[in-house]
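As written, the chain order gives the labels A, B, C, D and E, with residue 1 at the start of each chain.
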């Protein structure tokens, strides 16, 4: 038991620790202004984030992130199911969606500002608009790849409409949907940062940009560190969700390995 | 990459030197374009290449790393950078405020709201600035304090300058600190200026400058010298021939018909005096962006 | 035609199945297969007909056309007077690919209960039906297991349990007992017959086991090799009460068995160019 | 489909494409129709005053500007520069992501050991790395490439990891029982299984790479469409800016068309393609 | 032990299969199943042994343990003296889930050729083997089709073709003829026997068809219901030359058949708690 715990710990922190050590080693002998030593970053981290910034910057960011991410997931799955199950609709809309998908957020944001102002709603819109794609594309592909025998079975037994969606389409596509959601998670964080670079006065991204602009480089790195930690923490949470939603898939895929 | 001799970036001496300048595509840098065209840099045996970036995020590291030899920035950012120990120093003034605190092409507060006419009317309002913790913030806070309004009695938000007219019109912000050509654009759309501007901080006050990496300046004093000489000549020429400077604008900006004739040009007197810059530095200290005047000395010294 | 219309039409004569000139060609990437050439037959309400034919003859294809899952290239299928254009209500299908027809994200019990939920069977009745169906296929112990935790034969029996719990009017079964052991198979055969007689369903039963076809059916349809036509329609004139040992011991059983066997053997070489349809 | 039952005889030879319902347009036309509708919306919105034409000009004016832009040689040079940064970046990202994905995905220990690091690195925005990139690589192509690759590698890597996990256990056992070498298992079992995932990953990456190529030009100012956009922005040349944005979007549409065509070829066996093919 | 060691050891007595006290328990999410309790038997080089047992008895599990695909929870499997820890060389398996064991991204011919490529069979020989194997399972016409374009029975025959083209020393087959028609089945049975006799393979054949087990095997191992033990090891003392009609007509055949049938019937209720007794 203890051995398994130790191994899990090693897996979680082994590589990060090694990388940090590398940073430590190289930063210590570089005199570049832009690579502060790990010491500086860590002390900046403490000073910067264990302060009122938690409330002023981190919490608003997290709120936008949560709303934006959930919005993207809901929208992505909805669109994905629609496009995945209706070939004609997909043919009609795919080019339009691909068009928007290719437009960089820094260019898109000004346009969005025209419609949604410069408040939180704009930032949430940016997060949604940017991170809906992995969810949507994966859902489309997941829905398209539903096993034909399974689909026939559902049709025969009159499993249509909402029940079909809930009992067949979503579960069957869930491995792909979850893969898309995982992608979208980090993209949401990135877009949270990018959206907060525009018309903002609070937020994690805002803070990082300010640090960058005011040449507070250790603080900036500490912000990036925080982003990474945030991503890591959220991915752990996500892992819990994943193991609930996909436990059948795990089981199915590992069933032949026997134990575990 | 341009130029044939191996001195790219140039060792000191009077040989031909390739230099790359990091600039922002705004009207302030018209003299350089003009100067290059006029051959003032070639006279100094300098082969100049201009690299346009969006702002300090790319220019400062590029200068520090030696990818660019000279960079253009507002002085407040340079002071802040210096206060954090960024190894750069300023070699010349780049642009100055105008004489009219209601007509400054580089930094002028505009509003569409008819109820805002004086600085005092701004109390409690939302103001868009290009970058927080930068020169615009200093300008706004300084003007407010001067008018007896507490400097923090407004909320500042960051909006890129090109988006300011739209933000003004939609009422997302009450006023916006913008530069040309957007001052002219906003004016055409019915906005009017409020006496908050670079000129309001000090008429003809230098607000932007050219900087080099400390190491480069130490290794290539000769090139720096030649650069400043050519630069001075260019700035003076532009100052004295505003029509030619205006004509230059159309060569690197894609302005609408007639805009280049209408925009307000900044001042370009290159004379660099510590006192003038110290004024701005003091205001920067007052606004809380730097602690004291030490960065100023470091920026100008040697 | 609205779905209620279909429903009432089906109720009127819910089992009468009419296959008229059904033809099915698969057009695939570079491979065109005429799987079914021309099938015409009908199965009366409450009849139990078995279908035998060589592997690849098009039995599964036929069943899918009847179930409304595959549009025939030519001809039509009518059920209770209405043309089949999608899966008609009150029909259950046991697929040959039993493993893939179970929802891997649901437990065995949920797999069986889901179609009942769709039929709006009340909850207590549903639970009873699920338990009963599992019991009757000999899987009382596994309601909470997932399909992929079961052996092949167990999975197949779950698919059967799902179909019988549904209490369909028309039951289509595609080699439903292929993966179970001999004894279970015999039990399931008897189960099928008793359900059929008690519920008055129309049953179409595809099998490879000729003994099974004769033992189970009132008729045995012998299909030719691909491209498929009905080669013979054998009426099974065995007594209605059948019992594994005694019925199979009847001389008539042996006769019928031999006859069908002969037909199936002939089926493979029925067409002059036996492989013509399958070649690309 | 005909209503008359058919008698035996030669097969009725319906057109293989007959599945498209009567009255429906062929797919490429439908897609075009979608784009035309979008253009219509873009025309109507500013004309009806829903948004001000000063900030979002009607499509016809954007199209005019587009024609103007297309006449300039500098535009084509910029397009070429963008395509270069994007193409190289995408190629590197897809190569690295696929390779790493296969490697990490098929070695359980690696998967466990790298999971936390990957999750840590992914949410770091490329734009925050601009100073770093400039410091190390200057303002040329290398910087753009660094930013593009950093952002575009994750979608491919993640999709690969998910795809590698999806190998059917029976297929895996089959390969094992015939003692496929590691390489053969990768090549013949893992790779085809992960391929559909990878296709999605490449499509995601392609747009991420394009976005980053343009954004980094926008910020760093290395030559390309992004720089042109920045210039148009700072000159208030609104129509021209949107014209360039439309070019960007069109690039995205092209990638998708190519990806779909590729998919029809390489995934013809996959449920998603074959069940939609003619039946 | 290096893989060359294993290889040479296997070559020495490549078919001797020794199953010693194998025990296998599946630990699943909340469900723990003791599939195989204690199996001990051995199959000599070149022997053909059939395994019968109730559905869910653990036959597939046993086969997977022997193939080195599943580590037993207890006991061990030895092949040619060496302990089986991964799939040994020269072994081919026909899986019960034939449909999923074919690679859908390859044509039928490629599916069969790939293992040969792995064995470094030279190209011309490979092509010949593929064609021959397809011919012998009656699928001459479909080498360029994809598995999902084939009927269930055809898919199963492709899986068989793949195994026989491989020319293994040890052949494990898990209900390999479940989806094919009676006549094809008979042909495949004869094919299996002739290949076995010509190539001297060791064959382990799981089936539900008791006739088939007796007809094919030199021995029939009867497994009990789960948790599984070997209930009886029946030696099939029929003449080595077998022929579908005449062999099945032998009185000894009927005796053996009846005996095994009885055993299988007993197998289901072998354990005191007869969990799986179907009641319908």
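In the analysis below, a contact is a pair of C-beta atoms (placed from the backbone, for glycine too) under 8 Å apart; a residue touches a chain by one contact, two chains touch by 3 or more.
Computed from a predicted model, the values in this text were never measured in an experiment.
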Furthest chain, CA centroid comparison against chain C: B
Chain pair with the greatest number of C-beta contact pairs: A-D
Whole-Å separation of chain centres (CA-atom averages), chain C against chain E: 28
Computed distance of Cα centres, chain E from chain A, in Å: 48
Inter-centroid spacing, chain D versus chain C (mean Cα positions, whole Å): 45
Contacts with two or more other chains, residues of chain C listed in rising order: 26, 28-29, 97, 100, 146, 149
Sequence positions of chain B contacting 2 or more other chains: 57, 60-61, 64, 160, 162, 166
Per-residue multi-chain contacts in chain D, two or more chains: 52, 55, 131-132, 135, 168, 170, 173, 218-219, 270, 274
Of chain A, residues touching chain B in the complex: 33-34, 110, 113-114, 117-119, 197-201, 206, 210, 212-217
Interfacial residue positions of chain C with respect to chain A in the complex: 64, 67-69, 86-87, 89, 91-93, 95, 97, 100-101, 103-106, 114-115, 117-119, 146, 148-149, 162, 166
In the complex with chain A, residue positions of chain B that touch it: 56-57, 60-61, 64, 77, 80-81, 83-87, 128, 131-134, 155-160, 162-163, 166-167, 170, 172-173, 289
Residue ranges of chain C in contact with chain E within the complex: 26, 28-31, 33, 52-60, 96-97, 99-100, 135-141, 144-146, 149-154, 157, 175, 178-185, 187-188, 190-191, 194, 208-210, 261, 264-265, 268, 275, 278-280
Residue numbers on chain A that touch chain C, as the complex places them: 147, 149-150, 152-153, 155-160, 163, 167-168, 171-172, 174, 248-249, 251-252, 255
